[in-house]
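Below is the structure I would like to discuss, written out as structure tokens.
A, B, C and D label the chains in the order they appear, each numbered from 1.
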Amino acid sequence: MFNKFQTIMRKKIVEILILLYKIKHMSSTHSMQDIVTQVRRDILRMVHKVNSGHPGGSLGCAEFFVSLYNEVLDLKEGFDMNGTNEDLFFLSNGHISPVFYSVLARRGYFAVDELNSFRLIDSRLQGHPTTHEGLPGVRIASGSLGQGLSVAIGAAQAKKLNNDSKLVYALMGDGELQEGQNWEAIMYAAAKKVDNLIATVDLNGKQIDGSTDEVLPMGSLEAKFLAFGWDVLTIEKGNDIEAIVAGLHKAKGMTGQGKPICILMKTEMGNGVDFMMHTHAWHGKAPNDEQLSSALAQNPETLGDY
Amino acid sequence: MKEYSNQGSQDTRSGFGAGLTELGRTNPNVVALCADLIGSLKMDQFIEENPERFFQVGIAEANMMGIAAGLTIGGKIPFTGTFANFSTGRVYDQIRQSIAYSNKNVKICASHAGVTLGEDGATHQILEDIGLMKMLPGMVVINPCDFNQTKAATLAIADHEGPVYLRFGRPKVANFTPADQNFEIGKGILLQEGTDLTIVATGHLVWEALEAAKTLHSNGISAEVINIHTIKPLDKDIILKSVGKTGAIVTAEEHNYLGGLGESVARVLAENNPTPQEFIATQDTFGESGTPAQLMDKYGLNAAAIVKASEKVIQRK
Amino acid sequence: MFNKFQTIMRKKIVEILILLYKIKHMSSTHSMQDIVTQVRRDILRMVHKVNSGHPGGSLGCAEFFVSLYNEVLDLKEGFDMNGTNEDLFFLSNGHISPVFYSVLARRGYFAVDELNSFRLIDSRLQGHPTTHEGLPGVRIASGSLGQGLSVAIGAAQAKKLNNDSKLVYALMGDGELQEGQNWEAIMYAAAKKVDNLIATVDLNGKQIDGSTDEVLPMGSLEAKFLAFGWDVLTIEKGNDIEAIVAGLHKAKGMTGQGKPICILMKTEMGNGVDFMMHTHAWHGKAPNDEQLSSALAQNPETLGDY
Amino acid sequence: MKEYSNQGSQDTRSGFGAGLTELGRTNPNVVALCADLIGSLKMDQFIEENPERFFQVGIAEANMMGIAAGLTIGGKIPFTGTFANFSTGRVYDQIRQSIAYSNKNVKICASHAGVTLGEDGATHQILEDIGLMKMLPGMVVINPCDFNQTKAATLAIADHEGPVYLRFGRPKVANFTPADQNFEIGKGILLQEGTDLTIVATGHLVWEALEAAKTLHSNGISAEVINIHTIKPLDKDIILKSVGKTGAIVTAEEHNYLGGLGESVARVLAENNPTPQEFIATQDTFGESGTPAQLMDKYGLNAAAIVKASEKVIQRK
């Protein structure tokens, strides 16, 4: 009963949201794009400073994070671990921490200045996200791949137990889906009808040693998720804010219907920096001084550097 | 000597089941997860009474650990249940990152630890789980000795904030500790006072240690017996105090002598008071099929073996 | 070149084999059925004696094992670990060791008498199969579920490296497929075109805590294997020798074509013992004296009890 | 005192890469597997020269271990490569059953062990892998100290029949052992003779121990330094002989003090000759991001820490 009502309500709300979004659109897309540009600068400057970290996947997901945190997630003020009555997001592919940290900071979870401490000793901004140092916005450690979806499922099931109608989001890498634990989780979420969960795959077709096709061809992920009982939705333009927001809102509208939702989001690794695109080379390599200058020149300051 | 009497043999896993059932009635935040081993883990009653608070994960232990971690984020206190091997070695990295490093309030409850699971053989008889779990920062590692203590420990860990590994077993063993005991995590229990040597035992070996002490007594040797139900944090004080008096120690555990309680004790002593020590434990071999009693005998995990080790360690003083 | 020739040769050989089988059929099915009956007796007496072990899955796979070892596998005399130039079989769901041991003994790998030592201390017939005690016929330990397919893939790839044209077979439980490692292996075998591999799933729809549908509904396994890039074949009558042999021969004919082969074999847990069928109760429980008598009465001695 | 000079800092993982390349040329049975970390493991050259003997498994370490086990059945000698955490904790049960218990001839080669992997932080910095692998019956556990020794160890383990865990690291460290050394599994190496205390070190800590011995020497303390490149089987004889002379010991490892080399040594001593011991190791905490040098310093894993521990342990004699 409650569930059915919830579903209808959610659908209506989504429709209103999409309308509102479309109205807001002309003015707001520009500012979201501004955030993205600034986030790119943050990412580049963070990894450059410590000469380590993962710019490629971070840049590829900049539009997604900005859309998610600024337009999609229903968030409370402040941060508490349990996240009752707010949407939750879990980053499974923890190596793209730079984009996560930048967007969390720009969304007000902690001071933007703290981005300065990325990967330094005694920092809360560890190489891979962690709760250990108490960084607001992070609810689980990730870095060892393949674990985040299970955690998101647990959090989603806790929400159901708590009659908390908010949603749980997760992001995984495509290469990461080679880890078997993901398929345990995928099988489970469908079997147990975890339908308050939207899991996005960063479908950039790349991993450390090359393209996913070179490393371990994965065939059609859509066919796999469908065969495992999920609803699947593709965002063809995973670096286009409008497309992402529309996709996420559409996914939201599909929740509450007995199936978990998978979004296959086609992105470009290294997006926004010409020499980092169309290659896997920047998965985990920082730019040198010269490269940084060139990259930053392509992304002029918008909201102010940290 | 103090007398301990067996109130009727029971399996420690049933102590867990009883504790979980009680928690189901008293603590609404407690939830349980199982990976296709409900009966073995004695979870039936909890599930019957709280179906909505039970998660059947199927044969997917890694996923179970992640889900448990996620459930804590909604304020739940998850108790995961499967065999000890699949509770630890199978999911070490998942526990490490999603539970220990993330400091999640998950209780990893593991049955069928050690060789005494019997006939299933070595693939199921983990003898390394204490070592595996003790190496994880922040993890509490508990191996209670009988039904009553396992029940008490199950209740106690629900009130402890943070990850816990609770290890118990399959066979029926003497139930001799008080039914109404208060379980204090990290506090060893002095069971028998003595002056010639200290026996520090955990799990199924505690009863064997008491039996050994009787035999030793009749041989004119006075053994102090300590039940170290918590391997981590280890109660250094009770060990050092006892060894300060006796000057010799035997550790006894159903575990490989590499990495377990014995080595933890050796380290504490080496740092504080180097002392002759003998190790009752498996000697870096896999287990095998057999009855619990046969295996305890073959692998030197019983009162007789403790007596021998005790007599030897005294010679080394 | 070599591969192509190999494939054609293999097809021809299979055709001949099927013909031979059909000729032999009238006389041999009976004797295969006799072996099955005896194997059932072995299983029942083994688990009864030690009051432990797994009769359900063992009985369900008796026809499969007898067919495999007596009609399908191309085996050398004797046993060596490497198994060069012979077919290899790997049992992933090691708990059904009783049927494995019985069939190995009846096939001459070790004395039938040794079945007496099942699960006893100091035995080579451990609760779950192991190489540790040197039992002929066993090439890998199993028991902890989910690991056997990976091993079979490695053995199959070694055969390719060695230009050994024989095949590798594996058996997994259906519940066992809930383990993520299987999906890593399934993804890998397709990606790397391990096409000298025939993996059979014991599709009995049951596991320890109930039916797979009660425990963790798995949906269509066929759809999953297909989506993961395997060739799939179903044996509807997985307790019918003729159907099994035909299915396995058909699978053989499908090897060498760039895809691993999956056989979904529908079986009845506890098959051949009326009170053990149509329930998961006998997954891992031994019959008492009375139950043993009743079960044995349904399966009269054929080749002589051990 | 013997003089050891750095022939030019190099990473130990490059020693592994060089060894693997040589094996590719000399031993046709050697095959290599990797889980999407070719560059980090320095496997490029082997792959270029032997593409058909290389298996890229993708990000699926459990599957990699099983495939490696299967490859041995065709007579291959598989070398698996990934980070130390994903080589051990991630796949403990797979190694346990399909490799150790099945006694398969697999060489588990693990890079980026310990805190010195640096900026990636705790999820990648395993400090428990020595303990994990040493608890497995039949497993050989090796942690060489520099480029030359890692190369030599890589060659040596190909000739050893049975499972091996070979641990090495990411940062450039002093390369000071002979390029032409013969690596003897299970044989500790006496690097510096001394009379006041014994320092037993492994991996990156060996060079630090030599540096510490110099400082101690100038403080009038004579330290014996032993390179225990093999943690299992442990060379008891060299330790007991040395301690019999010095009466005090410091163990040094880039690992948690729980479960590692230090506890193994404490056990050997407790069984044979109880001796004051100090433990240079991480103190049951996770690591964190930082440069290798910062982390060695913060977690007390350098020459300065060894000097302090040495001075302390002598007081305890």
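Following the convention adopted for this analysis, a residue touches a chain if its C-beta (ideal position, glycine included) is under 8 Å from a C-beta of that chain, and two chains touch if they have at least 3 such contacts.
For clarity, every value in this text was computed on a predicted model and none was experimentally measured.
Listed by label, the chains touching subunit C and subunit D alike are A, B.
The chains in contact with subunit A as well as with subunit B are C, D. Look at the CA centroids: the one farthest from the centroid of subunit B belongs to A. A straight line joining the Cα centres of subunit A and subunit D is 37 Å long.
Here the spacing of subunit B and subunit D, counted between their Cα centres, is 30 Å. Rounded to a whole number, the gap between the C-alpha centres of subunit A and subunit C is 44 angstrom.
Multi-chain contact residues, meaning those touching two or more other chains, occur in subunit C at positions 130, 132, 141-144, 178-181, 184, 187-188, 191-192, 216. Residue positions of subunit B touching 2 or more other chains: 57-58, 60, 62-63, 85-86, 90, 93, 96-97, 101, 122-123, 286.
Chain-to-chain contact here is organised exhaustively, every possible pair of chains being in touch.
Across the interface of their complex, subunit B is touched by residues 81-84, 88, 90, 130-132, 139-144, 147-159, 161-162, 164, 180-181, 184-185, 187-188, 191-192 of subunit A. Those residues of subunit B that touch subunit C in the shared complex are 34, 36-40, 56-60, 62-63, 85-86, 90, 118-124, 286, 288-291, 294-295, 298.
Interface residues of subunit B, counted against subunit D in their complex, comprise 85-86, 88-90, 92-93, 96-97, 101, 122-123, 127-128, 131-132, 134-137, 232, 256-259, 262-264, 266-267, 269-271, 274-279, 284-286.
The touching residues of subunit C, when paired with subunit B in their complex, are 50, 52-53, 94, 119-123, 125-128, 130, 132-133, 141-146, 175-176, 178-180, 207-209, 215-216.
Taken in their complex, subunit D has these residues touching subunit C: 31, 52-53, 55, 57-58, 60, 62-76, 78, 93-94, 96-98, 101-104.
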